[in-house]
């Protein structure tokens, strides 16, 4: 190693260090460069399409099970029974958000658009069971029993109506009443 | 200390009956406590400042949750370190494992004794001050090596070996870079060195501006001393990204705390020595602090000294957060191929300068030109 | 060079060791080779100046249910063409010569195929399990793989 | 003078580096045999993150596998998403609307930037300079903001779909992308001044773990690792897919500017330069993006014809090749993912022989491996 190289080494070390230190000094003295967000006092603006926790609007849900089928990690579980009006009635709808990977495939396929991402992202829990979101508070067995009762009632009514239709001497009023009775069951759900 | 004790006994009639050795002992203990408190405070605040500086440089905020603006963070850290479980690995050499942190801490703390904080603020004005600092800080290497060995951990061992090689190598350039200051002052005592930089030349009385060689030897000292105290970019013994944490990897709780404090203690010692030997120490520019009443003169000189020393500490932190780390062979090459020859050349240069110009520095010569 | 031309060259050189060309529905096309001839064909593919397949892009084990296969995807940086090479193996004794002395990059791929399919590459310099633990039983990517219930007492 | 080694018997030391080690970039385990500081052998042990993605792939449909590709290389999830989409489209011969392809190119290149930023940042952190790492993270956050705006997630995007992308760019996205590029481009020069040409940094990287061009080819290295050895091979240029041929960009290769071609510094510098090229590509794509649909007509019950396809795409960590075998059903019959990091790990043992412990860290960083991609 010649003397020139030796001196060059020293000069280069000093200049490159000085260059770097000038940059760090600029950041050091400029308070505008601070980018820390003081969570939880400050929060960032959540964009419109944010994929947070899932929420199912059970009123519009048709229990078509598309979401269950498409979920790659099987985090959605759904139980349903066929109601008196031939529509499916949800008995339970649970999402395990501890398992969910927020891919959004279920939201994309939902036909009535009842399943949606919310902007929620804060959740901590010490028990795994708390990470399962129950969208229907009522016990599944109770709902099933009630729907089964309604179905049975409706069947009886329908049977009666059929019988009424068949027997010519019965007035049309009775048939209408039976139909009304059957229709009343629906809004109760 | 004995002279101080005697004068104290003369001044305070209450102490007349007490034997001289008792008063002296009392004074020594008091001085030690004051130094210890100062050292601990500095080390605590230093760790906070380090993190704040890191935050500023890295476009963040730094600790800001404990106390207003985070200023109590170091207390919280201290409490945490004290309360944490003290773990000794099962296969460690228990005695050496326990002993190591004390070596390290004592090595760094004992050097505070000869730091000239002010006109009269020095715990012991040893006539071999610089030599003493070099000697006691070498204790650190024993502690680090013990820690690395006793942990019975291969990473720790590697860290310990690196530290030993590094500290021993860099003692030479550190010593050689300090000798120009000794030559100019003609004394090994730190107080004498500081006094030699006083006078009416202001900052040009400093050894830094005495001659070109002493100017360079300041930078050489600063570089070598950073390496000796294992500061980035020479933090190979710790090297968290290679050796995980080096020699202190198995330490926890207060034992780790001692290593941690010693690191900041070393930082201050380096800054204090640089200040005392090259930056005029406690000398107030264009002013004789010694002419003031005792208390004011000391306070003023203490303030000046600390301001200079802390500036040096800040620069060390700034360097720390900018530079990457050297590799171990490059570190050795830097010591033996660059720093050692350069410091020797410097030493030769300073000696010749003093011989040729009869001990006068450039500023003094210029001043004499103008009368 | 086109797949058909490569196949013809190989056929001319190795005769019966080169079985067929899988062209339709395959991209890139595969030259099917007898397992025993894999090493010679590979060396020829790499060293022939007209072919010079210098990169082994991918080596995959495949379980075609009735038989195993090893699929090699080759690319030539010099000639900028690509071809596949495939060797079918019987399920009972899936083994064929290694190519890691032809393309040193093959080693990890072969270890993976050994790990997940149990295909043995004879003469390999280092054939150990790579992704699974050393003491794992079975080869998970086989179609008839039964999932174990426990591994060292941990529920899987 | 001869050194008598018999007087002082020495022994080689075996050190276990990882799976929990700050600079193995995840759960890589390296078994080091060292003679003091000098490594005589470094054997990588991978597989700590094996999740059986290929087995999972045989059980889910083509569309359902998309979120799993996010987990393949979580630092460049967009590239993996698009690679999967392109592979399935190659198998099933689906035409994708041009706007979707432009959007894919934009997100792929943005993700290349953010992935290289992590490579750059964590590399400097491995070398002991922590500050550039945080600067890199700061820039990466902006890219994440853009992706969050586009698809709603910050890390696992699941943006591409077989036949297009999941959603069109929301209003303001392209403007914000342009803003980011204007902000980001000068930062690269800052990085170079801050750390790239720093004397210590150069000394740590130059002439370390030199991979000659022939060796890189023989081991099948791809991406920046291959280009660092001076081989100008880039799939975007040499085996063009998507709309890449429409853009003007340069293939960055290592020139050995501070040492030998193919050393750690070259691989590092290729990544820095590639970020600049990616900025150029995104600028062109944003300027020229056409209007139109972003999704082709793909049946809901998607069944590609029986066949086999191998698709290679240029991901930040090298070629991600997807070998797909379809038997005509809704699930892939077999899929094999060949990743750049997996191949790069193969050469690790060879290049680390005789280096120092600190260099092992440098080599891991310069190969820019990511463990989920190795272990799958």
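By written order: A, B, C and D. Residues from 1 in each chain.
Keep in mind that, in the parts below, a residue touches a chain if its C-beta (ideal position, glycine included) is under 8 Å from a C-beta of that chain, and two chains touch if they have at least 3 such contacts.
Fair warning: this is a prediction, and the values are worked out from it, not measured in the lab.
Enquirer: Any chance you could name the chains that touch chain A and chain C both?
Expert: D
Enquirer: Select, from A-B and C-D, the pair of chains that is joined by more C-beta pairs in contact.
Expert: Result of the comparison of A-B and C-D: C-D.
Enquirer: Report the chain ID whose CA centroid sits closest to the centroid of the full protein CA set.
Expert: D
Enquirer: What whole-number Å value describes the gap between the mean CA coordinates of chain B and chain C?
Expert: Once rounded, the distance between the two centres reads 64 Å.
Enquirer: Between chain A and chain B, what's the gap in Å when you average each chain's C-alpha atoms?
Expert: Averaging C-alpha atoms per chain gives centres 60 Å apart.
Enquirer: Can you work out the whole-Å distance between the CA centroids of chain C and chain D?
Expert: Chain C and chain D have C-alpha centres separated by 25 Å.
Enquirer: Quick one: chain A and chain D, Cα centre-to-centre, how many Å?
Expert: Chain centres of chain A and chain D, defined by C-alpha means, are spaced 32 Å apart.
Enquirer: Listing for chain B: what residues touch at least two other chains?
Expert: 57-60, 321-323
Enquirer: Any chance you could list the residues of chain A touching two or more other chains?
Expert: 9, 17, 20, 23-24, 35 - these are the residues of chain A that touch more than one other chain.
Enquirer: So which bits of chain D are touching at least two other chains?
Expert: Each of 131, 138, 194-195, 198, 200 in chain D touches at least two other chains.
Enquirer: Sort out which chains touch which and give me every pair.
Expert: A-B, A-D, B-D, C-D
Enquirer: List the residues on chain C that touch chain D in their complex, please.
Expert: Counting only chain C, the residues touching chain D are 22, 25-28, 30, 54-58, 60, 62-63, 71, 73, 77, 80, 84, 103-105, 107-109, 112, 116, 129-133, 140-141.
Enquirer: Flag every residue of chain D that touches chain A in the complex, lowest number first.
Expert: 60, 63-68, 70, 131, 138, 141, 148-153, 156, 158, 166-167, 170, 190, 193-195, 197-200, 300
Enquirer: Under the touch definition given earlier, write down the residues of chain A that touch chain D in their complex.
Expert: Interface residues on the chain A side: 9, 12-13, 16-17, 19-20, 23-24, 35, 47-51, 70, 72, 101-105, 108-109, 117.
Enquirer: Name, in rising order, each residue of chain A that touches chain B in their complex.
Expert: 9-10, 17, 20-21, 23-25, 27-29, 33-36, 38
Enquirer: Taking the complex as given, what residues does chain B use to touch chain D?
Expert: 54, 57-60, 154-155, 158, 161-162, 232-233, 235-236, 239-244, 321-330
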